[in-house]
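Here chain A shows up in two complexes: once beside chain B, once beside chain C.
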Partner chain A sequence: MITGWIMENLPALLLAVPMLGAILTPLVGKVSEKGRNAWVLLVSLAALCVAALLTNEVLSSGTVIYTFGAGTPASAIPADSGGLPFRIIFTVDAMSVFMAISASIVGFAVTLFSIAGDSKMSGKDSFYALLLLMQVGILGMVCTGDMFNFFVFLEINSLAGAALVASRVDKGYAVEAGLKYAVLSTLGGLLVLFAVGLFYGQYDALNMAVIADSMQFGVLDKIALVLLLVALAMKSGAVPMHFWTPDAYSMAPSSVTAFLVVASQASLYGVFRVVFTLYNVTLDYATIGWIIIILGVLSMFIGVTMAIPQKDVKRLMAYHAVSQTGYMLLGVGVGLAVLGNAAMMDAFGMTAMEGGLFHIINHAMYKGLLFLTAGAIFYQAGTRNLNKLGGLGHEMKWTMVFFIIGALAIAGIPPFNGFASKLMIYESVFMFSPILSIIAMVVSILTLASFVKVFHSMFMGPKLPEYEGVREVPRYMLAGMGILALLVILFGVFPQQVVDFLITPAATALVDQGSYIAAVLGGGA
Partner chain B sequence: MAVIETLNTGFGSWNPLIWLAAFIIAIILAWFIWLRGESDYRKGTEQTKPFISGNAEPEKGEVHVRGGNMYWGFTNALEDYYERLVPLHSGILTDYILWFLGVMAIVMILVLGGGLI
Partner chain C sequence: MNMSRIVRSTANILFPFILVFGFYIIVHGHLTPGGGFQGGAVAATGFVLLLVAFSPDIIRDKFSFNSMKYTEALGLLLFIITAFVAIALGTTFFFNWLANGGIIFGESVAFGANPGILNSAGTIPLMNVAVGIEVIGAMGLIIMYMLSGIEGGNKE
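Then we have the complex of A and B:
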């Protein structure tokens, strides 16, 4: 009975669990701090379980439709809707669950880490409430099938993120970083809202499937496309709109930064969803594909070259996050550029897309891990300055091992997960344009060089007198890092299983606009 | 067997388990070579102290090469590039907004004007 109810309402529960958790967190915190920590962990774990169940459901039975407020949620156009899909509908396909499971895993790991890692902070009741709200925003963005609803979740994601960036009041820098993030996010959000308004004005609809089905690709649609594409690319940290990223990522608590990576990826999901699901066949594939490719190449190269001279470890890692986003844009951009050519799509386009998507989940794992290791260093040494750190490997052995795993993964060294997705991108993109593939490889070499510097600066060298009392971080923090490190290894050692189970269905769902529309307008898959 | 399934990239393939097996064999070989080395190493004795041509050992903090000293040659060789790139990251919010709007204007021209190709 209960099991049936849960299975029937999985899309709603995916949001309801963290939302209810967020609302109750301050109340539980009033009673007991330990109780609040246990509550937050429980909520985060429950959200992960719901995401896993939903992933299994979608991958085994096809796209799940959930109509809020309808007598029969599984039907997009229930009898009491008057024949129109006007209600808020979640259209959860393989691409959605791919993003949702990635976000939920990182969400649980960062919550575990922050129980000890952020224990010295004040205001933890609101901190955890905001962390769970950001998870609501991310999960809502990737699951909704409604454009206005997408905007609402984007705002929840952005506002919770801005508040979290500013949560550590460090001589005003954190507040300044939070303000920058808030202003740019609001500007981006407004442009998304304007685009949604253009759709509504033209098609009397907010549902993505209805808009996709009616898409004319007239002047207003082109304007809406540009607004959505650029605003969401900015939110995902693509160069040259990435400037907020090092500011916000470096000043936020490390657990938040690890989750901000996933929040940015939700915007990247938005770019892909808009281009492939809303527009798809109506697009000029080459133009939009090349715009995404150029943003990707700029992000890769400028991100990594800006990372190399950095002295703040988190700022350095933030530039690498920008650089890695470039790989995702490159892979999926190449897939889009050849989408209209079936032969090229079969030959390398689909592999490029799969490589780009695989890199999303890999990046969420290893970059989340790297930010958590930076947080562990800050927790013990009290500084992020690479000119001051050194010799910490003598005492922080586990943190050092986790850092090595993350660093090798981001540099694309086998057998870690970053290598698998980068290999798919290198080889497929080489068929499209050898020079793009060579740039991607050079960027990986520079990434390795940069992380060798970080490794040496933080862990190598003699024990320094200023870090005499430094010890390994508490177990909760190690557990948070350990989960991500384990996944980095598993995804690297069994890449084809991950591709078969998660990535190929996600790429296929993204490309197959017809199935998305049919799932909604046909009353369910 | 599914467990040793190879990642197919469309052009080549990659099997991490075979790579791992080769890696482990290489580690075992290296270990055997290490075993054949000198065995009179004693940790914490005079022999482990650094010998700097008879000079006294400096303070620990002074011998550690700090992060800011690394890749000086790389950044110096690309000085012109960095002199242009770094100032763009001004930290000023209005600059960030200008870049955002500038990119939007360029993409708008490309999309409305008929495309790149």
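Then we have the complex of A and C:
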């Protein structure tokens, strides 16, 4: 009975579990510190289990909808409403669970790392409460089927993120970065809210399926599209709106940075959801597709060229995060540019989209891993300056191995997961436009060059006298990095299985606007 | 440092009225404009008034950071428990399980114009109260932190 109850309410529990956990964290923390750590880990693990169950449910039996406040989860349209689903509805399709499972895995690894890695900080009760709240925001963004609800979760995500960025006070720099993030996120949130208002004014509806069903693509819809694209592309850190990422990513504690990557990807999910589900073929897909492709190429190239001269290891990684976001935009952008052309879609469009989406989960894993290794270095050496670091490979062997795995994965070297998704992107984009594919490869080579430099200046060389006392980091931190490293290798060795199981359903769900609408409004309504 | 006696007396007299008005807005959230957040903010302005009138030391004696923190947590907890009870009863998260039940806030409202029945709307007023408690705690906490930035105010 209890299992049936859980299965019935999975989408709600996905949010409710971390939310309840976040609220209770300060109270548990009052009782005992160890208990609080155990509680946070337990909540994070429970959220991961719920996400896994939900993934299994959606992939085996199709889109799950959950109507909040209704008598039963499936009753999306109340009998006396005249066919309008006015309640808040979660429409969880393959794309949503794909994002949710990736966020939950990183969330768990980050929590594990953070238990030891952030143990020297004060105010940890609020820190973990905010970390769980940020997870609520991310999971809510990727699961909701309601535009206003999307805005609410975007704000939860942004506010928790901004507070977390500022959580390690370092001569006011962290506060500055947090404030910058908060102001820009609020600006983005306002643009999203304005767009939601435009939809509501025209269609009297907030539900994505209803808006998608009645989409006219008039002038107001075009304005709304621009507002949503700008705001969400900014939140996902695409050039030319990337300027907040280096500050926020480098000043936040490393565990938070690894999670901020996922938070940015939730906004990226927002871009894709808006373009494919809300508008789909009604929009001028070739133009919008090329806009996304150009954003992607700019992000790739500018990100990596800005990364090369950086001296702060986390700033460098932050620019690489911008650069990798470009690959996802490129892959999915190519898919969008040929959306209306069935022959081209079959030939390379779907593969490009799958590559772009596969890169999302891969990026979450290896970039999370890299930020965690940077955090491990900072934990032991107390600096992020590449000119000062050196010779750490003698003592921090495991950290070094994890760093190598992450660095090779981000540069797209087999047998790691970055190679698998990048190969899909190269091949399919080459059929679309060879020059784009060549740019993507050049960016990969520059990425490799940059990480060889980082590797050399952090780990190689003789032992330095100032790092005499440096030891390997505590076991919890290694476990957090280990989970991600293991997945990086597994996804790299068995890419086909992952693509078949997770990615292809996600790409299909994204393209198939009709079934998204039908899931809420009923067949063909 | 304290303000003049006139200011302090006025603040003392106004404080309960501000609180009552705040609670009025919270409890009537389902009938009139306003609700948990607005009412909580109004009630919190009462604390600001005291803060302006009295010296930081007196305020710190009366209200502690921890009491504000627990107020906030209590409000949030009440909110989410209300939502959880709904799934425990076999319906969906946030289902209005008190509506039309006859007990607290459970009165049914007849169709057509009415002056507003306070004892209606089920869990909505309950959640308004929860949000109100939460906002009073959170705003109080923010005000206390601002207070600790005022001259001579040491932290916590």
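Couple of notes before you dig in:
Assume the second predicted complex is superposed on the first by the 516 of 525 C-alpha atoms of A that agree within 3 Å, B and C clash if a C-alpha of one lies under 4 Å from a C-alpha of the other, contacts with A are read in each partner's own complex, and residues count from 1 in each chain.
By our rule, a residue touches a chain if its C-beta (ideal position, glycine included) is under 8 Å from a C-beta of that chain, and two chains touch if they have at least 3 such contacts.
Remember, it's a predicted structure, so these values are computed and weren't measured experimentally.
Of the two partners chain B and chain C, more chain A residues are in touch with B.
Looking at the shared chain after the overlay, A:E427 reaches chain B, while chain C stays out of its contact range.
In the overlay built on the shared chain, the residue A:P73 is in contact with chain C alone; chain B does not reach it. Within the superposed three-chain model, A:P240 lies in touch with chain B and out of touch with chain C [touch as defined at top]. Of the two partner chains, chain C is the only one that A:A12 touches; chain B does not reach it.
Of the two partner chains placed by the overlay, only chain C lies in contact with A:L27; chain B stays clear of it. By the document's definition of touching, of the two partners only chain B reaches A:K453; chain C does not.
When the shared chain is aligned, chain B comes close enough to touch A:F348, but chain C does not. Interface residues of chain B, counted against chain A in their complex, comprise 2-3, 5-12, 14, 16-17, 19-20, 23, 59-61, 63-68, 70-71, 74-75, 78, 81-82, 85-86, 88-91, 93, 95-97, 99-100, 103-104, 107-108, 110-112, 115-117. Interface residues of chain A facing chain C in the complex, by the touch rule stated above, are 5, 9, 12, 16, 19-20, 23-24, 26-27, 66-73. Chain A makes touch with chain B in their complex at residues 179-180, 183-184, 187-188, 191, 219, 222-223, 225-227, 229-231, 233-234, 240-241, 243-244, 246-247, 284, 286-288, 290-291, 302, 305-306, 308-309, 311, 347-348, 351, 355, 386-391, 414-415, 419-420, 423-424, 427-428, 430-431, 449, 453-454, 456-457, 461-466, 492-497, 499-500. Contacts from chain C toward chain A in the complex involve residues 69-70, 73, 76-77, 80, 83-84, 86-87, 90-96.
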